[in-house]
Amino acid sequence: MIVISSLPFDPGKLLHDFQSDHPDAGAAVTFTGMVRSTKDRPISALILECYPELAENEIAAIRTAAVDRFSLIDAAIVHRYGRLVPGEPIMQVMTLASHRQAAFDGAQFLMDYLKTDAPFWKQEETEAGTAWVEAKAADDAARERWT
Amino acid sequence: MIVISSLPFDPGKLLHDFQSDHPDAGAAVTFTGMVRSTKDRPISALILECYPELAENEIAAIRTAAVDRFSLIDAAIVHRYGRLVPGEPIMQVMTLASHRQAAFDGAQFLMDYLKTDAPFWKQEETEAGTAWVEAKAADDAARERWT
Amino acid sequence: MKVLYFAWLRERLNRASDDINLPDDITTLTELVAWLRANDEALDLAMDNPKQFKLSRNARIVSWDTAITDDDTIAILPPMTGG
Amino acid sequence: MKVLYFAWLRERLNRASDDINLPDDITTLTELVAWLRANDEALDLAMDNPKQFKLSRNARIVSWDTAITDDDTIAILPPMTGG
């Protein structure tokens, strides 16, 4: 399952539905990314821009690569765009496998690729206005470990 | 949160409640282990024996070690005992952190330690009777990578 | 040909897309970007570090040496920050 | 002193625990296990690979050289298979 949407989602409900469909798996790993506001760097919102058609295509390709590479029973990716406030889930990745290491590795692989290859761009909204979030070199490095 | 219980749990509801308490975190990782029955090795149930007082103490120690080591905002462990049928969740580990790598590492650390240091013992119930699951050398090796 | 701009590139250009008539001698994405930059000072400045951009052709990420035609939809993509 | 047995060790012994009077000269877990094995052939056989067992004292896992008293609750734990 791949969902690219501006609508909010409930991480727990997604996990519940994902697992209910697969009574034969032994291990499930779920990653949820949330909007974060800290005392040092308070933000009022995160505004995500997206190129939806490209996101659908690239995420489908990343998902297929993960399923093949780690023999996943299933994998699902949900990613929001639009304006989100602190605490709101931005995205969720879920993997199902026979054993735990494949489920963990599959989820990390998906996350590392999504960070650098999924066409989303974040803007932080603060009292001073909005500013584009800069891409992190660490994200490129994380992706490189799978090549 | 640590729960050692014979009662069923809903992985999605646990995740929902866990995240709802922490609107300041940026990343959550959830691992769910389920009873698995395959065509090659069909089982009718998994029967888990437990030493509850020791489980409470050891899991609390493992949780504290994970929170300290990976600067987790929170960590929760739920583990069932008793008779479980295929598809049922056995246990769930959840971590919350500022960033994704700490959340992933914390969850894997908890899983690796729980596999070798939490006093649970599995029996597989098949048509031929019940048999104790043997400990895996791979689990000892997985735990060693953190030392 | 349609050319799409996203995120801060879109902001710097003050537009989300261009409709262009592709000259016959422009056959690859590398050539297209060079031609676009030569004809638009704002784009030229915004892309002074061109390696950081990914390019897509018809909603698939492709390499800079990919061949293109006038029917394609191209996008110029600043470094992504999703996930 | 109470000694608890779990999983296949409990099954092999046909009991979940023993109540014992700890002899004065038994002061560590290593000595306790040696003494228990000397007095119980089934336990001696079941523990022929002793290194694989963990031991707990008053519901905490401890090393085999831990000192013990007659008030303690000890458990002999086969390799764990939870998670």
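Here the chain labels run A, B, C and D in written order, and each chain numbers its own residues starting at 1.
One rule holds for everything that comes next: contacts are C-beta pairs under 8 Å (C-beta built on N, C-alpha and C of every residue); 3 or more make two chains touch, one makes a residue touch a chain.
Composition by chain, UniProt nomenclature: C, D = Molybdenum cofactor biosynthesis protein MoaD.
Bear in mind the structure is a predicted one, so any value in this text is a computation, not a measurement.
Colleague: Work out which chains are contact partners of both chain B and chain C.
Modeller: Both chain B and chain C are touched by A, going by the contact rule given at the top.
Colleague: Can you compute the centre-to-centre distance for chain C and chain D, using the mean CA position of each chain? Integer Å is fine.
Modeller: Chain C and chain D have C-alpha centres separated by 72 Å.
Colleague: Return the distance between the CA-based centres of chain A and chain D, expressed in whole Å.
Modeller: The mean C-alpha positions of chain A and chain D differ by 48 Å.
Colleague: From the C-alpha centre of chain A to that of chain C, how far is it in Å?
Modeller: Using C-alpha averages as centres, the distance is 26 Å.
Colleague: Scan chain A for residues touching two or more other chains and write them down.
Modeller: Each of 33, 100, 111 in chain A touches at least two other chains.
Colleague: Where in chain C do residues touch at least two different other chains?
Modeller: Counting only residues that touch two or more other chains, chain C contributes 83.
Colleague: Which pairs of chains touch each other in this structure?
Modeller: A-B, A-C, B-D
Colleague: What part of chain B is in contact with chain A in the complex they form?
Modeller: Residues 10-17, 19, 23-38, 86-87, 89, 98, 100-101, 103-104, 107-108, 111, 142 of chain B touch chain A in their complex.
Colleague: Touching chain B in the complex: which residues of chain D?
Modeller: 4, 6-8, 52, 56, 59-61, 75, 77-83
Colleague: Please give the residue numbers of chain A that touch chain C in the complex, ascending.
Modeller: 33, 48-51, 53-54, 56-58, 79, 90-91, 111, 114-122, 132-136, 139
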